[in-house]
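Two complexes come next, and they have one chain in common, chain A, joined by chain B in the first and chain C in the second.
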Partner chain A sequence: MFSYIAKRLAVAVPTLLLLIVLSFLLMHAAPGGPFTQERALPPQILANLEAKYGLDQPLWRQLASYVWGIVAHFDFGPSFIYKDRTVNEIIAQGFPVTLHYGTLSFLVAVLAGVSLGICAAIYHNSWLDYLAVGVSIGAQVLPNFVMAPILLLTFTYWLRWLPGGGWEDGQWPYLVMPVIALSTSFMASIARITRASMLEVLTSNHIRTARAKGLPERQVILRHALKPALLPVLSYLGPAFVTMITGSVVVDFYFSTGGIGKSFVDSALNRDYAVMLGITILVGALTILFNLVVDILYAWIDPKIRY
Partner chain B sequence: MKTNLLLSTILSMSLAFPALAAQVQPGETLAENQEYTYWLLDAIKSMDPQINTDVEGSGIMRSLFEGLYNEDQNGGLVPGVATDYELSEDKTVYTFHLRDTAKWSNGDPVTAGDFVYAWKRLADPATASEYAWYMELMQVKNAAKIIAGEAPVDDLGVRAIDDHTFEVTIDAPLPYFPKMLTHSSVFPVHQKTIETLGDKWTEAGSLVGNGAYVLNEHILGEKVVMERNPLYWDDANTVITKATALTINDENAALTRYLSGELDRTQVPAGQYPRLKSEYPDEAISVPQSCSYIYMFNVDTAKGPAALQDIRVRKALSYAIDRDIIVNNILQGGQAPSYNWTHAATEGFQMPQIDYASWTQEERTAKAKELLAEAGYGPDNPLKLTLNYNTSEAHKKIAIAVQQFWKGVGVDLTLNNMEWKVHTDKMQNQDFEVARYAWCGDYNEASTYLDLFTSYSGHNNGKFFSERYDELMKQSKTAADPNPMYTEAEQILADEMPMAPIYQYTKVEMIKPDMRGLGLNNLMQNWYLKDMYRVAN
Partner chain C sequence: MITDKARLQRFGDPMAGEEVRGRSLWADARRRFMRNRASLGGAIILVLITFLALFGDVLAVWSNEELDFAVMGQVADLGGPSIANGHYFGTDDLARDLYARTLQGTRISLMVGIVGAAIAVVVGTLYGAVSGYVGGRTDQVMMRIVDILLAIPFMFVIILLLVMFGRSILMLFLGIGLLSWLNMARIVRGQTLSLKHREFVEAARATGVPSFTIILRHIVPNLLGIVAVYATLLVPEMILIESFISFLGLGVQEPLTSLGALISEGAKTIYYGTLWQLGFPLVFFVLTLFAFFFVGDGLRDALDPKDR
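Moving on, here comes the complex of A and B:
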């Protein structure tokens, strides 16, 4: 097991490096640069700026010094657009925010989604099943950029229950709408996967055996059906968790949470190379990490899986 | 140095009326609550006056710092740190007298040395300020050479005669030089703080400013909070106690929050003004703003399309656009249809008699067809062009409308929507045929617009060239009254049509009815927090 984890982590390093190189090259291939603007800068001023940020160097050297900065000093460089700040600072400010509302949304999505899925499977083809399926399809097809303004109109404008945005260190009134907006579609997917997988498990031999030996239905479900039914859900949850904790542009955009979801998109549009690479690396590293966590959990849930 | 006494007396007189901060009018009672919350479209990129490049950031700079002069409610100059100035006879040496009561927020006095430091810092290649060109535009002696790295920073034409006398030498007389002093890039900064803290000096709590407010909190993408600076020299006449700027990236979300009472001021999204005006007549406003929206033609002889080399074609394209439909049916925010380049309300600007401005649209369209036929285009040989525009709902709607107008005169227009950076990059490399463009004035004077179409301007993306035009703009720099030259230059643009003017901006906003002192009559839409106040209902 430990050698497996070590092996996976060893592979992660070249994977991340490849990610850095590819993102770096793609970014520089996009037309324009961080200082391209509607009012073209005079060549001399542009040269001064490029010299200050090292953009006058050949690409390979920029890449090398960037990677070296990370390896040697854990320094992801300065932002070319938010000039008072470094990438480390931007991530240090924005990531805790997205981690906070992302984790909460994840918990909500998993609890609600799994419960909904199980209920639908147990009461297969009953009104409860139709309701659960209806709700999850509804939640799935309602994109969050439609839901966010609807939430805002409902809770802020009409009911005046919740503040329309901001973060304020994550006090609960500021969390409600971001969490609803972010968790809904994930919840729907989780519910659908759980339902399908549960239905399959419920018809399998070991469940028939459990029922045949007279176990109460509650025990059959919780003890024997739930664990195997969760395996496909689990493989969905790894990447979903990363997506949620690295933020949502829509949430940041509509609710001014100040998370890194918006920073990521902005950095791409602004050609803020260092910020974009920094967040790409963060997302990449988290994806690798949580895929590994999922694989370890697999082995824990299903004794048949051995590494 | 012999100063022109008469001139300086006049200037001292004209600038001598009190620079009172909030000017509460007779009969007005101040409200108890003097907090103000307003909307920001995007995060503030920098709190450093020499680094900031944004209009939104400038508003905050004007609250945290103060330059030599400020603008009053109508955009006129009023003393800031300077009380008055003298101008040498050859009009190239300005001597500013600084008030001795001006203080930094840490208690240090504001001195001429602080201005010297800040101005040099703006020009210094090591600062790499994107606004370094502003110092060139002001024609401060040696600025261009310093920016190019050909002269040491200390050669800049600025010096502190004593702590309260700041002298600036410019290359040639520049009639609008004083107007340029209200720009945030020439605000003073506190040398010791910057040298001690480096790039971190702009953090809330560390930032030392000389404005009426101090930075209390700055959370990127969420908010900026400013509170009163009790050491500001005119604090006794400042009213607003606390200002909060909330970043809300979506203007509709911002409007919802305004209507829920969370904001005191926000922008009205395109097309919503008529509805809001009827529902909230006291709150929805539309006032002129110094920006001009155009379609630029690529007339570059090498890279532009051959058809656009023909003045008749360019004129026809401009004539065929029905600006009234664009402003009345698409934008609906009181914008003015435009037939020229300079914003019509620019101070001192006299509009030439532009013929097609007074025609009816039928006349314009008929003339457009006639011109295109003359140029050899018609049903058998339709003119095909491509329009580049950057992603935005309003740009798209206008582009579609123009496509229809031009179709009416037999022009096939392909719309090419692109991401903003790509659009800009293509424009700057003359890789376009027709492109959407907009320009906002840096100061309230026509040259801020007209300089753009000189052959030596870095912003002349369509590569328009007219010898006479260049000559006029060069002469205007030293003329006692440059306005007749501006009028002639504008006439050349109408005659040669290097772009199709479309509309001139208005600022369309929702503002709580108890807010005063916002400077809405100032065409530059520069507001000063220290001038604002709320009245009791």
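Moving on, here comes the complex of A and C:
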């Protein structure tokens, strides 16, 4: 087990470094610098600015100090646009918000999706099954950037039940629509995966044995069928997490929740390279970490995996 | 034993006529696909949408760039869908004809989807087939590269690319192409591993066919079924990615448009009461995606040997 974790780590760490180096080089390959404006700055001021941000150093040294700053101090450097703020401060402002509604959406998606999938599989070919399949196909073609305006139109504009946006420290009226918009498509995918694998598991030999020895149906499903059926769902959670963070871009846009997605889009439109780079790397690191956790969980639950 | 010649003849005749004709894999698949009603419906919808996107402009009264000054400024009151003034789908908030713009957007979205899938097919198939066929250390290194690339948050990298190198459709294709082939390569590699020890490959190797020719002539044709399935499922995925980026305003730029850009415009003007501006592009978008998913599912049932 430990050698397995070590092996996964041996892949994860270089991946992360590669991600940092690649995005850093990408930023430097871009035409124009961070201070390129429509009216050119006087050369002396430009030189001073570049000296302040260390841009006059040779590329390898900039890269080395950037990587060192992240690895050793978790420091993404200063923002190029907001003179008085560092990338860390900008991330620290938006990230907890994203984490709040992201975690909630994640839980909702997993719980609702798994329950829906199991019910659909147990009552295979009944109206419940058809409903579950219908919902999951519908949610697949309605991405979150379509869901969000429809929700707004319905609940804020027509029914006037919920506030149209804002965060207010995550009070529930402000959370409802972001969570629905973010979780629906994942819930649908998870339901579909659970249903398919549950149907497969229910026809397998150990379930027949469990039924043959007269266990009540509830116990057959909860104790014997659920665990093997959830394995494919587990391996879906890694990619789902990434897509969910990407989805925060949409949620922040429509519901003005002010999460990390907003910082990313703002920095993209302002050409604030340092912030973009910082967020990309942070999300990449989280992705890699999450995939690692999922892999380890998978190996722990499924004894057939060889370490 | 009495042998009634006439009876024997009667018995034999239908059998002679019923010569068993060999069915190729593709003919078999076509039959299975045709029997699946949902995917057949999807295919028909897809043909209709493509036809409309390519030739629907013939019916348009307004071009996609003309401004209708009679409607301008009063779009919410006068710009609704009507046959009388030639705006079948109404106009957008700048009084441009939405029918022409929706067709244009559908064209571009379809193109992005198909080009993205095509890149995935060419690069992914070759990469996966080479990796699986050569095997050993090469295979390990090639697959490790794919694993590493898969761990990078690609949506963010595409946005990074688009911001830094300008918002051009070429950059969009490059970004989508970068990400689309990875899963394809993995699937193809898995299939190649199971193919490469089959007799026909052995025979080719014994007669001295060079490795690359074996891959192109003997491995790849046997992969086409599974590649076709995943390519069909990739198209809607690419359309979704493009729409997402266009929604952020970083994708296709004016005067070009895509379904994602139209939906985002429609969503932003929703409070002015111009619901048609969201509705019509959304219907095209949803129908196209639905159709592709159904066709892909049908193809998987018809072609994927695993599910027989």
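We take it that the second predicted complex is superposed on the first by the 260 of 307 C-alpha atoms of A that agree within 3 Å, B and C clash if a C-alpha of one lies under 4 Å from a C-alpha of the other, contacts with A are read in each partner's own complex, and residues count from 1 in each chain.
The criterion applied here is as follows: contacts are C-beta pairs under 8 Å (C-beta built on N, C-alpha and C of every residue); 3 or more make two chains touch, one makes a residue touch a chain.
Bear in mind that the values here come from a model prediction, so they are computed numbers and not experimental data.
Using the contact criterion defined above for the overlaid structures, shared-chain residue A:Gly94 touches chain B, although it does not reach chain C.
Once the two complexes are overlaid on the shared chain, A:Tyr82 sits against chain B while remaining clear of chain C. In the superposition on chain A, A:Gln171 makes contact with neither chain B nor chain C. When the shared chain is aligned, chain B comes close enough to touch A:Lys52, but chain C does not.
In the superposition on chain A, A:Thr209 makes contact with neither chain B nor chain C. By the touch criterion stated above, A:Val146 is placed in contact with chain C alone, chain B being left untouched. By the document's definition of touching, of the two partners only chain B reaches A:Gly258; chain C does not. Judged by the touch definition given at the top, the superposed model places A:Pro163 against chain B, while chain C stays out of reach.
In the superposition on chain A, A:Pro14 contacts chain C only, with no contact to chain B. Residues common to the contacts of chain A with chain B and with chain C across the two structures: 30-31, 148-149, 152-153, 157, 253-254, 269, 271.
Within the complex formed with chain A, the residues of chain C that make contact are 144, 147-148, 151-153, 155-157, 159-161, 163-165, 236, 240, 243-244, 247-248, 250, 260, 263-264, 266-267, 270-271, 278, 282, 285-286, 289-290, 293.
Interface residues of chain A, counted against chain C in their complex, comprise 11-12, 14-15, 18-19, 22-23, 26-27, 29-31, 137, 140-143, 145-146, 148-149, 152-153, 157, 242, 245-246, 249-250, 253-254, 264-265, 268-269, 271, 273, 276-277, 279-280, 283-284, 287-288, 291. Residues of chain B that touch chain A in their complex: 43, 45-48, 51, 53, 125-126, 128-130, 132-133, 136, 147-149, 199-200, 202-203, 219-223, 246-250, 252-253, 256-257, 259-260, 262, 419-422, 424-426, 428, 437-439, 458-459, 461.
Across the complex, chain A meets chain B through its residues 30-33, 35-45, 48-49, 51-53, 78, 81-85, 90, 93-94, 148-149, 152-153, 156-157, 160, 163-167, 252-259, 262-263, 269-271.
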